[in-house]
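Okay, got some structures for you below.
Across the two complexes that follow, chain A remains constant while its partner is chain B and subsequently chain C.
So, the complex of A and B:
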């Protein structure tokens, strides 16, 4: 396990009497690409501003390389921020913008020049060093802002939804570039976004923030397959909740069919005599195989196709689950060799996940 | 022929160019009584540019320049702090600071006279503390009066300059290691430079021609360019319009000189900086 760079300990913050962060604790490790992901208004920007030093938490501590940095002013923190609106200095050209942090450190001029040249070539902007920043396109400004943040070689680079203003194509390109850049530099990146795909595309680990509370910190794979809460399950990708009952510590049974599930969640709080517990099993859209219904099958769920969408690599079906617990499921089938099923047809569904997550009813929000 | 420039041209000719030409013609008349348009000389100018009038011109320019700088020095921190307030508070404070503009200028200045004349309450209070200085009828009094009179006028243009300064830019500078002083020096001043300059001119130029404040606080004992010009045109003594016109033109030239030299100074500073940038890049 690598070294901890930044550690937040029960950080709470409120503004104008409203609680924005509720006892958030997490750790960012040296050299990782870490994302803070959450819907807008979840408090991720507040958390970012606390880490950068522009805000003070009402409670809690911020440890930087093991020592308390909660009240350190922003200019004395060894981290740089890439702002959402870039916040480039319009009166300075590209070169001077990138040089700003180095000049503040009072580095000798020849070192400033070589560091700026290096940072600009990393973002492929060395051809534009003398241009005014106001003449640059959004993508170019983005690159300059990035170069300005990495040029002083901080331990941590904070990125506040830096790709939000770019169009989709450019955003995809920049995601790739950011990830490559972070690997090349070996710097720690803390990336704030509300875009789940973006976070997944780049991050080593992701923290999910919801209404000021930290829901889960895990790798993208783990978040997807083992979400800690219903919120995470729904926020990350598409989630189908299929009615089920938990019959033992690691076992659940589907209510509409005879499916049995192995659970990887081992919630030992429940006493054995309280089983079975009613709730839902999480099933991802690609974990179900659809078949036209021929005969009554015991081991599968049955449903009626409501809508079909062709998405290219996959075909997405919205299927109404039949039985006592009616609900609509989203099911993806690989489009390769797939024979389309018409709307209104009865289908049987086979769940193919070997292990799954169970959410009891009491946790239903 | 682009006709849409016409209104501006008509305005310029009728209200600026023609009156100015008339002023020039007037200033070239040899005596107050003459109304000739064939004989011209520079007698009025030679009188204006020799003592005591040349000294008055220099004193007025110097005093207005210093007073305008002082106004700027006071208004910058005040307007800056207002511009950084949450928007509700901002409007209230801005209103409070500009309310004096709603009062008649003469009333505002006369209040100073009443408070600071030898038998006024402020003067008596100051004497109580052992501070006895002549405020009314002194150059210093006029200087303070100019500052007081023009301070509220500076607030609005300066506020609109600072208002546009984005918080994120200051935060970016701070994040990159700039202290408060460095943020002012490297970000706020360079970015608002032209706005600061315009706000300065906004008070400096009218101060140069100001005659109400020197008349009321100076009590006729402090001679400025403004009071001299006023005296030549409206004075109770012997009005001398050609001489007044010559003084007015001197005022205009003085203002233009200060303006253009500051412009040159500003642009030179800029080009020096960009030269440094390109050298840095080429290395």
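So, the complex of A and C:
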């Protein structure tokens, strides 16, 4: 495990009497691409401002390379921000914008020139050094803002939804570029976004923030397959919750069929004598195989097709679950070699995931 | 047919425009032309001559009035721009937008008040409060000082509004970016904020200067206390009181017109320059 760069310890913040962050603790490791993901209003921008030093937490500590930096002024923090609206200096040209941080460090002029050239070539903007920033396109301004942040070679770069203002195509390109840039520089990136796909495309690890509370910090793979809460399960990708009862620490039984599930052993919050407990099993859309119903099969769930959407690589079905617990499930079938099933047909569903996550009813959302 | 009517329409508009411009500018036009009059009477044309220009530009009384006007305008412009800047800074940083809007209204209201009312008000406050207060601490507030004070209050509204508008295209997030990159508050002020406000300062200065040059009422009422002081408009006023009004009055008026128009025009043009130094299409004033 690599070295910890930044460590937040029970950070709480409130503004105008409203609690915005509730005891957030997490660690950012040196050299990783770390994302802070959450719906708008979850407190991620506040957390970013606390890390940058523009806001002070009401409680908690911020450790930088192991030493307390909670009250360090923003000028003295070895990190730079890329703002959502870029916040470039309109009276300076591209070169001077990128040079700003270096000039503040009072570096000799030749070093400034070479560092700016280096930063601009990293973002492929070296041909535009003498242009006015107001003449640049959104994507170009974004690159200049990025170069300005990395030119002083900070330990950490904070990015506040930097791709939010760009169109979809450019955003995809920039995701790739950002990730490549971060690898090349070996810098730690802390990326704030509300876009799950964006976070997944770039991050080594992601922290999920909801209503001021940290839900889970994990790799994208783990978040997807082992979400720690219903919120995470629903926020990351598409989630189907199938009624089930948990019968032991690592077993659950489907209530609509005879399905048995092996569980991740992470949610061991109930004492053994309380089993069985009612709740739901998480099943992702691609973990179900649909078949036209022929005979009554004990092991499978049955349902009726409500809608079919052709999405290219996959065909998406909305299926109403039959039985005591009616629900609508979202099921993806690979479109290769798939024979379409018409709306209104009865189907049987085979769940193919070997292990699953269980959420008890008491922990609804 | 269509072509002919549209051509007629165009000619009609042209004639109308010329007529309108003539109505608007004929007083100024006649004034300037009658400055080049050979006659000894201001209102009688007797042929072209530079005689009165020569005479006027050598007149020590006129020159001292001109000097006074420029002196008063310069000092009051400095005061108005600095105070106006502090106001604009406060207003821009004000979190409560309603308070900022109320401030803006209060600042611009005097621009629409009858100037003579302001002048009389100033006379009262200067003679009753400022002058006794100043002499109490040993500084005699002469008429120059009083007029500077008066012109500062006149120009303040213009300076504040121009700078306030300039601030509207200044994004406060830049300051966070600068601080984040290691700038001290001082460096933020001098390297980020001030350079972007330069056109605003220039515009506010020009307008304040022109307002001060133009002013008659305030100068007239405040020049009487203690030693009397003549600014250019007061000097022009005194010329018409004399028995024979010579073309000198046209010449001095023309001079005042040229100077004031220059500063007004410069002020208006400068207020349209955006932060990057380019002319922007939008009129920010």
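As a convention for this text, the second predicted complex is superposed on the first by the 360 of 365 C-alpha atoms of A that agree within 3 Å, B and C clash if a C-alpha of one lies under 4 Å from a C-alpha of the other, contacts with A are read in each partner's own complex, and residues count from 1 in each chain.
As a convention for this text, a residue touches a chain if its C-beta (ideal position, glycine included) is under 8 Å from a C-beta of that chain, and two chains touch if they have at least 3 such contacts.
Owing to the predicted nature of the structure, the values given are computational and were not obtained by experimental measurement.
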Room on chain A for both chain B and chain C (clash or fit): clash
Contacts of A:89 with chain B and chain C, given as first, second, both or neither: both
First, second, both or neither for A:110, with chain B first and chain C second: first
First (chain B), second (chain C), both or neither touched by A:212: neither
Touched partner set for A:152, first chain B, second chain C, both or neither: both
Which superposed partner A:243 touches (first chain B, second chain C, both, neither): neither
Chain B versus chain C, judged by how many residues of chain A each one touches: B
Chain B versus chain C as contact partner of A:134, first or second or both or neither: second
Interface residues of chain A shared between complexes with chain B and chain C: 52, 54, 74-75, 79-81, 83, 85, 87-91, 100-101, 104-105, 148, 152
For the chain A and chain C complex, residues of the former touching the latter: 52, 54, 74-75, 79-81, 83, 85, 87-91, 100-101, 104-105, 132, 134, 148, 152
List of chain A residues in touch with chain B within their complex: 52, 54, 73-77, 79-81, 83-85, 87-91, 93, 95-96, 99-101, 104-105, 109-110, 112-113, 129-130, 148, 152
In the complex, chain C residues that touch chain A: 171, 173-174, 176-184, 187, 191-192, 195-196, 274-278
Sites on chain B touched by chain A in the complex: 166, 168-169, 171-179, 182, 186-187, 190-191, 274, 277-278, 280-281, 283
